[in-house]
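What follows is a pair of complexes built around chain A, which joins chain B in one and chain C in the other.
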Partner chain A sequence: MGTQALNMDIVILFLMALAALWTVMTRSLLRSAIGLALTSAMLTILMFRLHAPLAAVFELSVCSGLISVVFIATISVTQPMSQEKVLQHMRDRLERFWYLPILLVLIGIVLSFVSFKFNLSVPLPEIEKDPRVVLWNQRPLDLLGQIIMLLTGVFGIIILFREAKQK
Partner chain B sequence: MSAQALTLFWPFCLFIVVLFVIGFYCLLVTFNLIRALIGLELLIKAVTLLLVLVGYVTAHEALVQSLVITLIVMEVVIIAVAAGIALGLHRHNKNLDTRQLRNLKG
Partner chain C sequence: MLSLMILIPLACLLLISFLPLKGKRVAFAVVMALAFFQIYAVFSPSIMANRHLPGLASVFNFTLAVDSLSRIMLLCIGIVIFIALLAAGPFVKEEDKRFYFSGLMILELMGLNGVVMVRDIFSMYVFWEVAAAASFVLIALEKKRDPLEGAFKYLIFSSVATVFVLSAIAIILLISGSTSFTDIRVALLVTPHSNLIILAVGVFLAGLFMKAGVMPFHGYLPDAYASAPAPVSILLAGVVTKTLGVYTAMRIVIDIFGFSTALKSILLCIGLISAIFGALAAMGQKDLKRLLAYSSISQVGYIFLGFGCGTPLGIAAAIFHIFNHTVFKSLLFVNAAAVEDRLGTLDMGRMSGLASRMPITGTTSVLASLSLSGVPPLAGFWSKLFIILALWQSGLYGVAVTAVLTSLLTLAYMLLLQRRVFFGTPEKNMAGVVEAGFNLTLPAVILAILIAGVGLFFPYVVHTVIFPVVSF
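The block that comes next holds the complex of A and B.
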């Protein structure tokens, strides 16, 4: 990967961090959800550039699409906070967490003195290049786990809404 | 890890830490349940990017992609159930303030 490609990656990373910051700092919940979708879209581009196209498609369709729809549906059903409450909450937040940026800078300074050494070159006898083969042939238990998680989610939602209906 | 991969690794790591801090900040300061879920999503995105990055620099892209797909499925299930809980809480308390959760008795 050349310097130009690295620069492009850094630009996309910067945009992703900016979208994440906007997601957190914006007052409107709806804008937060849209910001999250933007962050997800930037992450998709990065995943594609890091040679993970299948996971990138999942990220784009599920995280950027489906989860945003779930968030926007939830926000539209629930009641938004009044403007006064939002301002009061922001003032409270500034008073309560004024020390956080200082703490963050201090942690950054401490971490810059610590030298991390990662041994990332784990040897494997044979590296499979096709994610479909890995998922279906080498890690079928992961698929079982996914099915169990999906069923758990479905049953959880059924129970949640059944209880709400009875009340 | 080659020198070329190393030049890619540290800038990505820096931004992953930034994303993680933003998500953690969101979780820490908010009292709104939906905003807390958004913070959780940002944390999961940082973990996803770290997984993909490590897969790229160690040339195990296929294995990491299968792990990321599993992570995305779990993420969706967690968010869907949590959104259901948020709706139930809103029906009960008429707001989404997490401080109201402390009043619940088992």
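The block that comes next holds the complex of A and C.
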């Protein structure tokens, strides 16, 4: 892999980390779901660049697309917190996690000086390229598992965030 | 037919979700029926035979399998879900909360059943995540500060465990080109990448140890168990950590990696640390559920001690102890729920002489404590005896003696619990306290009968249920 391509991957990784950070730090649940979709989109680009188009397509369609749509639809049945509560949350977070970005940057700087040398030259296994075959013939159980996972997510969001609307 | 163990709960979940409010009232009964079905299915050869579904239903013929070990786990899951549902009555009162609680229990059931029945390492991961996500929401169900903190800790530890397990799966896929247990086992025997395999085993086990909550990976467990609603504590302690951590570790070691000297040493070391320090930490607890949580850490240590021997007796003993731990720990959490329901607190400093006010809770609690401490002829005695015999047989005399001494420590903290909570003269503020309702005494009596029954008929149980597991 060329140095330019590697630099590009690092930039995308950085953007992905940024989107993920925004997802967990933003005060709005809706923005959080959008952040999740963005994180997923960055991961999709990385997967394409790492020559895993099948995984990239699934990441884009399921995580970035379907899950975001379901989450946003579910979030729409809830109501946002009051302005006062939002400010209180922000203050609490700043007090508790102010050191995290500094720590992240420091770790990044330290790791950039360390050269890791792993001998992981294993030939890539033969994997089916046709998504229909993968989904319906090879991994139907995973598909079922993901549907159940999605249902769990929906239940989770309704249970944890629904009360605001009732009030 | 094994697909039914996932498909029927899924159909029930969809059915109750689309029912009007009146229909949603039956959600509790539906989950209870599912738990009954699961217990029946474990003993039904036609369902366990894994015949293919006929006609149009053949699209749901998934690659699933069960052996004696899976059947014991399926039985434990069925029993604990049933008991947790029974005990949930006084704690989940609002109608819509009951519906969501039932839905989450079904999702948990599907996740755990999936983990137990799949024979593919990635599918196992998918169902592992389903169960973990359902557990997280269940812990946070009450949305108060403590449960949310417990759930958050569980989520963070779970995420770290996920990163470990997914990394290990990626390495294994890279080496073997497959995710099926059989293919991986064959590929690992001929691969020249032994260092990568060691890395994969180490990373995989680290993730599973986190899920099992063994020391030093236990950070989330006491908070999660103590802050969760009572029925969720029963579920977590009874079956969730055992399936996601202990069973999965057993399955991948038995079916994929096999026992090596280094692996045995790691399992024994983790088991010993967990057994001793879990018991020592339990001694200093003032909150009833936190004490039981640390006790769980200690008992999971015993399970790993038996399993770490790598001998048929050790593996059988570990599996027997999983079943026994499921039963007596569920009973102790049911007792804790009864006390919490009547007193509104779990602080042992504010309790005394409850046995005279709550005779059924007091009696069943003594039975569970004695079984947990390994007092004959109760069920816990036999599994602990087998673990110690397996250690002795493997030439691990020091570890065996330490396990015996730790068992005395267990007896000490359980007697302390009994003295603080149930024995002695009731204080004045206990004057109005009466026995817990039918919802909490019935599951306690059922579990107490199981403890005494398994203990008294242990030769039959061991020869028909436990020893067939190690006939591979």
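Following the convention adopted for this analysis, the second predicted complex is superposed on the first by the 89 of 167 C-alpha atoms of A that agree within 3 Å, B and C clash if a C-alpha of one lies under 4 Å from a C-alpha of the other, contacts with A are read in each partner's own complex, and residues count from 1 in each chain.
Everything below uses one rule, namely that a contact is a pair of C-beta atoms (placed from the backbone, for glycine too) under 8 Å apart; a residue touches a chain by one contact, two chains touch by 3 or more.
These figures come from a predicted structure and were not determined experimentally.
> Kindly classify A:160 by the partners it touches after superposition: chain B alone (first), chain C alone (second), both, or neither?
It touches chain B and chain C both.
> Touching A:26 in the superposition: chain B (first), chain C (second), both, neither?
neither
> With both complexes superposed on chain A, which partner does A:141 reach: first (chain B), second (chain C), both or neither?
Only chain C; A:141 stays clear of chain B.
> Give one of first, second, both or neither to describe whether A:149 is in contact with chain B, with chain C, with both, or with none.
Once the two structures are laid over each other on A, A:149 reaches both partners.
> Please name the chain, chain B or chain C, that touches the greater number of residues in chain A.
Of chain B and chain C, the partner in contact with more residues of chain A is B.
> Can you list the residues of chain A that meet both chain B and chain C?
Residues 120, 122, 124, 139, 142, 145-146, 149, 152-153, 156, 160, 163, which sit in both footprints.
> Show which residues of chain A lie in contact with chain C when the two form their complex.
120, 122, 124-126, 139-142, 144-146, 148-149, 151-153, 155-156, 158-160, 163
> For a test of understanding, state which residues of chain A touch chain B in their complex under the given definition.
1, 6, 9-10, 13-14, 16-17, 20-21, 23-24, 29, 32-33, 36, 39-40, 43, 46-47, 50-52, 54-55, 58-59, 62-63, 66-67, 70-71, 73-75, 77-79, 81, 89, 93, 96-97, 100, 104, 118, 120-122, 124, 127-131, 133-135, 138-139, 142, 145-146, 149-150, 152-153, 156-157, 160-161, 163-164, 167
> For the complex, give me every residue of chain C touching chain A.
Chain C residues touching chain A: 6, 10, 13, 59, 62-64, 100, 103-104, 107, 110-111, 114, 118, 120, 122-123, 126-127, 129-130, 133-134, 136-137, 140-141, 143, 173-178, 193, 196.
> Given the complex with chain A, which residues does chain B contribute to the contact?
1, 4, 7-8, 11-12, 15, 18-19, 21-23, 25-26, 28-29, 31-32, 34-35, 37-39, 41-42, 45, 48-49, 52-70, 72-81, 83-88, 90-91, 94-96
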